[in-house]
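The structure is given below, and queries will be raised subsequently.
Naming follows writing order (A, B, C, D and E), and every chain is counted from residue 1.
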């Protein structure tokens, strides 16, 4: 359901609805963009939901929403569904994220972790078995470990399992799983035995309540030892393997309405500033340029197609 | 110590414990209200009431939330009032004492005990999916209407029952039909009681979040709804959303929104109690 | 005019019968979705497996962790509300002045009118931090503080209904007890409470039913991790929280994920339905004992 | 006055509340424009009988009758008799004054309004006429818009009579109309009944023998659901035929 | 029997329910091991007075007394008198039988159990003794564990008497103990009272003049909160001194 605007008028005269849903990681950027866009075009109603990248793609590929936030690229199975529903789209990267592993600030035993440690904790085989810190490293205390992580609908989950466990979507199931990263922050920040992971922005925002865990990928070619996520380490690629790009996908039908075109353009214009403001790492300036051009030709093509 | 001394001691001890328990409830209530007011009151100002949601706590407001709550209140009243009052009147005035009436009674008592989230599932499937209303105001209002229907029915019955037979007899004897009697005599005389029940039921509906979450009410709706088919959010959901954010400032916002919600709830309850007392004083059959 | 009477009666009848439709609707919705769930997942697995991970790659469909989570928070709530509520009921009846009772009872009932999200906020931001000072190992999400707060919420249910039950015990029994030299305590627990036991049991059952179905407090404060444990200090997940959790994401109709919330829902419904009918039955059976 | 007709008649009437046989084979005929008093001990069925004449028992679950009740020779339990029309013809006044919780004026015109009469002037005229008829006009004419509940008990009862008169019935049923009132109000009501019988056929239930003697032309004595005796009041009180009547009117029981 | 002492005494007793003056300057002395009957019209204060003797009015909001009540010469409203001890001394039987919803046995031994007596043999012995005393033993001995509510009204009342006797009081207060019972049960209770007075000082409230005549040695007549007359029952009934007493016992009012 997308309202048709009367496109001939100036920006401020735009109206209509834009429905966005999907990644909780991308949510802060989109939320910020939507909010700033209100001053630009007050009559355009932008709703932003959070149901994880997977959930978002489900709605997107059925044509229920105009734009999906995604913290991973679309999966082949999802492409398939989109085709079935006759939906074409464009993929636009909007920022970089460093997927961040955190513990409670009072946790004084964890100073770094290797990807091996993480795998040991999160792989499916750990379910119901790895329950204490000292099962990971013997020098760690004999205390319960409480895990917090994004739910299966989230791109972060897919990305993390891919990068750490080796297979996307494969992990233990006995942890506090929420599509809402705020819940995870709250869980970790109030539980001395906690370990969790989520998008960098949520760590940035709550630095005083969380302790970041530097991750060692045991590959010295991209930086030696354990590395903590930050603007620099993500940008220069040394925070591996947990750095990743974030995207939005725009439905082609939606891209033929002036409000959506205007909104996406605004998105790409303000993303450098706003993504940094909410805690992510902007793409290089020329990349945004590139995306804008890519989008405008996409939109033009669509407009031409609909006018026939 | 003799037995009777021990008994007296136990008696006194229990008295102290009783006072303690009675006041612990009240003290917790007080702590609770004070805590929330202390945390939230400074945040309440005109901007807070009239601003759209925002990623910055200090700019975020509850305009959409209370507008949604108001919409829900109105729509729910429009749906639940005729249904609940109609059912109450039917059961009290028309329903013969037969199997069906008995069954209806048990059924309503049961409905009153069904958890609100189950109503959410009902609303999700029937209103949201099958009637394709999605997470709209109308779907929410329909769901909440069913939820509060039992309360309205029960209070309507009680109010109608309290109208003395002699009034009905007087009306029938003048040639009034059953419905005329109900319309001209029973309903006006029981209106206060019925109203009390509806307001109590609405105060329940105002505080509900779970069924609305299940049918898919959104947290971030940056506009006030303009038709029953619009998406919406309500105060309890806004509070839930802010409560689950870790940042202090959002908790302050949550506290402030709670103050507003409590004011609405207490106001509704206050009106109900006032009406009930007035009604009790007025009637001297 | 006669026809309009008939039409009106018909409409009124319809609105009464809608309540049956609501029940039928609830049962039908829960059943139809969960039947197709149970086609995929055998009922025996559902009831006996010890893990609930329907969303993950390694899917396990044991409802037990959610049920124990629910029972855990309910247990804590009742452990708080029953002694306090019953004590209040006895105290107001046997010790307090009539005036005090008149003032205190409605004040306590205010507790029941506060929206449950508000209790959730209270549990998370006040009670949990407070308890963490006493029990340092307490997790931020836990059954204990959600249960305690839920207990506070249902105190007036138990205290008011029990108080009604006790005060409907005939005066003469109280006088008999006093006449034999009983103290107030002995009168209360030796005579009044046993005589009012059916009403008190009903109030407790209704309170349990309420606690089992309570959603927002546990969704906010008890955690979202299905865990088969009786330890109230760690995050758990209740049936209601699971439904909320899945609802917060997208629930594509027809997916197994969508069906799990109905399977969880019907479990919840069976519990509360049984409790409500039990209370109904007790009330019918033991009412009018003194008339 | 012309020769009097039988206004009301019961033929072989039996009435039941579920299994309970409340009236047993009652046969009685009541003259037009006369006052008939029903007397008898509590629970003997007077009210039940009285209420069959305007079918007020219709709404009681399980109540049913056998036999006939005739009004002007027509069976009022016949299928094509409409209850609302019947009740316009047969007015009723109850034991406890039962004014509606509305204004005095609204009370009096209620019966007309539900018939669909809306014209103010008509209603006002009717209200004045009925209130005068019920000997209440002078007392209330200045406060017609005040609540009827503010009147005294006796005034309320006369208001109820006025209310019944407003729809111009030909029969008035009165179930112990003065038993809830003080002696002065009672006297007023009795006086009123006395004047009303020039225009209406009146049936009155009373527990008060003196009252029956004062206001009625005929008296019917009921006992345990049976009509024991029915006669001119004077005759009945001076020389009752049945021993039970005798015992009752001399205060031996009841 | 030895010379009788004054067991109970009221001196200048006034009692109030809030502002309502229920008992006015009562002075009376009651002999040991005798039956005193309180008579008087409804609402005159008999029950109120009776209940001051075991301070049953203590829990009524707003009730207070002035003056003294003496039991064996000690003021029972004195600070150091303990109510529970007092009530063990002064047993009470109420108008409507009020057994606890427990077994017969549990009813009888209730008073002992709350005193902390737990030994089974002691309780059983006491139960048998009291039930025999109350002339109920033979009727219930085979069903001591059955619910007391299954007994007939008369048996229930005797059970209540047995229950009172079990804690060995010296005074028995009875507030219309037979008024809710059928004539046969009433006769049994009266008989019982007659035998009990050899051991107990009994005060009984009754509405039934014949009963007062049959069971009591002394009678006190109350009227509107005042003690009008107190005398040997025979004397009072044959030659009352006060006109109001005369009127009451001849059935002129009340």
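FYI, a residue touches a chain if its C-beta (ideal position, glycine included) is under 8 Å from a C-beta of that chain, and two chains touch if they have at least 3 such contacts.
Predicted, not measured: the structure shown is a model, and the values here were computed from it.
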| item | value |
| --- | --- |
| Chains touching both subunit A and subunit C, listed by label | B |
| Interface with the most contact pairs, given as the two chains involved | B-C |
| Relative to subunit D, chain with the most remote C-alpha centre | A |
| Mean-CA-position distance for subunit E and subunit B (Å) | 53 |
| Intercentroid distance (Cα basis), subunit D paired with subunit A, Å | 85 |
| Residues of subunit E engaged with two or more neighbouring chains | 84-85, 114-115 |
| Residues of subunit B engaged with two or more neighbouring chains | 7-8, 177-178, 244 |
| Overlap residues in subunit A, where contacts from two or more other chains coincide | 49-50, 180, 183, 186, 189 |
| Interchain contacts, given as pairs of chains that touch | A-B, A-C, B-C, B-D, B-E, C-E |
| Touching residues on subunit C, where the partner in the complex is subunit E | 97-99, 170, 172-173, 175-183, 186, 190-191, 194-195, 289 |
| Of subunit E, residues touching subunit B in the complex | 82, 84-85, 114-116 |
| Of subunit C, residues touching subunit A in the complex | 51, 53, 55-60, 124, 128-129, 132, 136-137, 139-141, 223-227, 234-235, 245, 248-250, 252 |
| Subunit C partner contacts - residues on subunit B that touch it in the complex | 7-8, 10-11, 14-15, 17-19, 21-22, 24-26, 28-29, 31-32, 35-36, 82-84, 86-87, 89-91, 94-95, 103-104, 106-111, 113-122, 124-126, 129, 146, 149-150, 153, 177-179, 203, 206-210, 213-214, 216, 236, 239-240, 243-244, 251, 254-255, 258, 261-262, 265-266, 269, 273 |
| Residue ranges of subunit B touching subunit E (in the complex, touch as defined) | 3-4, 6-8 |
